[in-house]
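Structures follow.
One chain, chain A, appears in both complexes that follow, with chain B as partner in the first and chain C in the second.
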Partner chain A sequence: MTIQVERLSKKFRIDQVLNSLSFKLEAGEKMSIVGPSGSGKTTLLRILAGLEIPDQGTILLEEKDVTRLSARKRNIGLVFQQPLLFPHMTVAENIAYGAHMNGKKTESTVKDLLAAVNLTEASAQFPAELSGGQQQRAALARALANEPEILLLDEPFSSLDPNLRQDMRYWVRDLLDKRGITSIFVTHDREEAMLMGDKIGVFHEGTFQQFATAEEIKRNPRNPFIVEFFDHHLLLNDQQYVHIQDIQFSEPSGPCITYEAELLQTTFRFSEKVAHLYVKEFDEKITLPTPDDDLSKHIELYIPKDAVQHFQSDGKCNDEQ
Partner chain B sequence: MRLFRNKPWFLLLPALLFLILPSYGLATAILESIRGTDGFTGEHYETLFASDRFTASFLFSVRTALIASVLSLAAGVLLTRTFSGYLEKNIPRLSVWLPMVFPHLVWGYIMILLFAETGLFSQLLVSLGWIESSNEFPIWTRDSNGIGIILTYIWKEIPFVILMLFPVYSAIPRSYYDLVETLGGSRWDQFKTVEWPRILPVLLEVFLIIFAFTLTAYEVPALLGTTFPEMVSVLSYQWFYSGSFEDRPLAFAAMTGTSFLIMLGALAAYLYLNRKRMRAMRGRL
Partner chain C sequence: MKRNHLPFYFIAGLLFIAPTLLLLVQSFTAPWRFQRGEGLQFQLNSWSLLFSDPNLWSATLWSLVIGAMVLLMNVFIGLTSGKALALYSFQGRTIVESLLLAPILIPVLAVAMGLHLFMIRVGLADTWVGVVLIHLVPTVPYSIKIFHHAYSEVGRPLMEQSQMLGASVIKQFLTIELPLLRTSIRSVTFLTIVISLSQYAITAIIGGGQVITLPMIFFPFLDTANASVMAAFSVWFAILPLVMYIVVEGLLQLLPYSRKPWRIQT
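On to the complex of A and B.
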């Protein structure tokens, strides 16, 4: 099922939450929407689900305009931040409820989904008896039992501990792949966005600042916001940036730019020593892989001039999709 | 505090002390209801159950209490779910709860002032020319259907129902309604799946409280009821204070039987609410 959103706008009093947002997703594609907290990602999801009506714009499902269709008639599933399992129903009953609401055969669907989410043995348990991860898996199964044409996931792992969250990411991505479900995953976590989406929509000020693959975003960030939001680059000014890996601790042979930095702390990431630095020139903190030898408190950073990149477009995103 | 942790039954002491008086009353009533001239006997119960007056009174009482309780609950649920957002504000909430401040007897008198054949509404309809005389106004006080009693209790108990239900409605996450909607559920499904399981335990408890009260309270039926059939509380009062001492055990037997019925209802409700599914609803497994 394809979903096409055209020039979607929504305003709450003076807040322009969506500003002429457009994108298209092909059947079976997975998309992540990432952006700062409070940027309106959840509102976008609620509009797509039919829980809010946009002020302007259209939502097309397989060419059919569903913009004014209520959520109950739209057949778009939504997995919420909290599992929201019905506490008086067992796991199996919760999943059956999802199937039943859509008039689907329940028995075989429930059995299949219980197996798919590894909850067969917990089928007779009540939500209060389950762990956080089990609850979220049951919630996902309930949404899938409803056989939605598009599945929306609104930060479903945010309440889980980091280890469980990581496991759930791989597991859910795998499940969505196997079932070929078109999905939109909302998160504020950049790594999660890269893991869960074939494409990433970086959402800010009511629109996508960039809508591309993770690789493309890293290779060619579209504007200063993208550079500042992800940790891949250092923003030099409104037109220029540099890839983090091009910043050096020792002076290169060719022409370069030099910046003074203050060492705040060193830690380890993926067995590699990283330095947390404050660059006074930009009033910004950056994190760089560093050689093992001890760094002094005040250091100099060198950027080869040929490593400096320029933003290539006008910084806008929607017109090009 | 450590003492309370080690011996939790200490915490029950205030409740036990409070229960001394009603327990003494109940025990005395039971004793009196089975005491005969030659020791214990069941003859008072035999006389009671054979009495047409008691049967009529008991059925009338149960019917009246049942109607008043169910209608209070239904109206309370309807009002709470409709205005739960509005009730978050102090003034609307206080105005709803205001009737609870006044005793039942006051509301009974207000009912007479408003709904009696010579009451305010009757006079109003006559002056508007809708009815020719106050005789045409329906009999809603001191009537054999107990309408006045039912109206008084409904009026008085609805705020109590709202008081008990409001916290439950306030605690329901709005996302549950959205969830049911995205799954394709209707407004009825939202009520059935999201609200009903949450309010059911409270409704059961409130029903028992209101039912027990309306079944056995004296002042409102005495003020607004007829001489036949009278509520069981009024009948018991008459038996207790009648000139004949032979009627007194009947009053005790009637009240003991009624108490037994209420306790049976409370036990059934407790067993129902203590099932695993209901405990799961409250997260107490």
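On to the complex of A and C.
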């Protein structure tokens, strides 16, 4: 099922949370929405789900306008940050709940979903008897049991520990792919956004600063916010940036720009040594892979002039994608 | 870690079970005289005297009817007001909350005197409906407070989850709200029945002697100074909330997704 959002706006008192936001998602596509905490991502999801009413704009599901339709009638699934399992129901009852409410037969669906989320043995248990990961898997199965046309996920792994979170990311992505579900995944974690979505909408100031694939965002960031939000580049000024991999510790042969940096710390990432540097010129901290074992406290960074990139558009991403 | 339940059993035994057992024993025995060396003398006179009162059964029935009506109205007003106060934000919420609790700050007798005039005008004086209404004054504020707290505990997200899964307002109320408010409904049941049963003065004022409830025939018995008769009456009095509790508990078991008593969550 396709979802099309046109010029959606929402204001809470003086805060413009959504500012004429538009995008379109084809059937089966997976999209991630990433942005800083408090930027309004959850409000966007709540509006799509029908839990909030937008001030302006329309939401079309397969060409049908559902903007004013209540959440109960939209057939959109929403998995919240917390599992929110009903504490007085068993796992199986929780999963069957939505289907029961809609008068659908549930027995085989619940069985299949319990198997899909590896909770067959816990089907008769109550939510309080499950671990955090099991609870979130049960919540996901419950959302899927209703056979939603669109599935919205609002940072569903944020309360899990890092290892479990990583496992759940792969597992959920795989499940969504297998079932061909159109989904929108909200997160503030950039890596999670890349993992969970075919396309990423970078959300800030009520709109998508860029709506593209992870590859495109890395190759061609649209504006300074994108550059600062992701770790792929160093922002030189409002018009220019440079890819992190083009920054060098030794002077290149051609013309280059030089910046002084202070070494704050060295750590390891994926077995590679990385230097955490403070670049005084930009009042910015950056992280660079470094082959050098003995970096001094004060070092010089070299950027070949031909590696300097310019933002190509007006920096806005307001039109339908 | 396994909890030690011994202190709980000890306190419950000392403060609740022992006094009840003593009351039961006293109702079936002659009044005890300490240091006389006499044993317990079993008798049924106190119960015979109690049942000889011609108004006992009608007063018991009226107490039950009035108590049940007071409970129903308390549950209705408490659920709706408590939900609004807990889940919706609106201007003047604090003022509304204070106003709803105000009746317990004013002596209920003063309220009854004022309301008596009003009830005479509208024809509710000397009727059981008037008695039900006046019993709401000392009970409703507590019910609102209890349900307000309960709805705050359940929280809005759980309701939204049920909405997202397609539950209608009624289905959401029956499958999510009521089952999760079970403990509060039990508390409100006991509280309202016990408060309603204890009202002598306001029942006499508004009922005008036409509506006879248990306290109206219980209070004259206080003159007897016969501990056995008083014990029998107290036991009879205590049975009413218990009956009401069992009825309410039975009704709660009919709710969807009711947990069987033998399936206790760990």
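As a convention for this text, the second predicted complex is superposed on the first by the 319 of 321 C-alpha atoms of A that agree within 3 Å, B and C clash if a C-alpha of one lies under 4 Å from a C-alpha of the other, contacts with A are read in each partner's own complex, and residues count from 1 in each chain.
In this section, contacts are C-beta pairs under 8 Å (C-beta built on N, C-alpha and C of every residue); 3 or more make two chains touch, one makes a residue touch a chain.
Since the model is a prediction, treat every value here as computed from it, not as a measurement.
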Joint occupancy of chain A by chain B and chain C, clash or fit: clash
Touching partner for A:L78 - first (chain B), second (chain C), both, neither: both
Touching partner for A:Q239 - first (chain B), second (chain C), both, neither: neither
Partner chain(s) touched by A:G98 [first = chain B, second = chain C, both, neither]: both
First, second, both or neither for A:T267, with chain B first and chain C second: neither
Touching both chain C and chain B, counted on chain A across the two superposed complexes: 49, 51, 70-73, 75-78, 80, 82, 84, 86-88, 97-98, 101-102, 126, 128-129, 142-143, 146
Partner chain A, residues of chain C touching it in the complex: 157-158, 160-168, 171, 175-176, 179-180, 257-259, 265-266
Chain B partner contacts - residues on chain A that touch it in the complex: 46, 49-51, 70-78, 80, 82, 84, 86-88, 97-98, 101-102, 126-129, 142-143, 146
Chain A-touching residues of chain B, taken from the complex the two chains share: 173, 175-176, 178-186, 189, 193-194, 197, 276-278, 280-281, 283-285
Partner chain C, residues of chain A touching it in the complex: 49, 51, 70-73, 75-78, 80, 82, 84, 86-89, 93, 97-98, 101-102, 126, 128-129, 142-143, 146
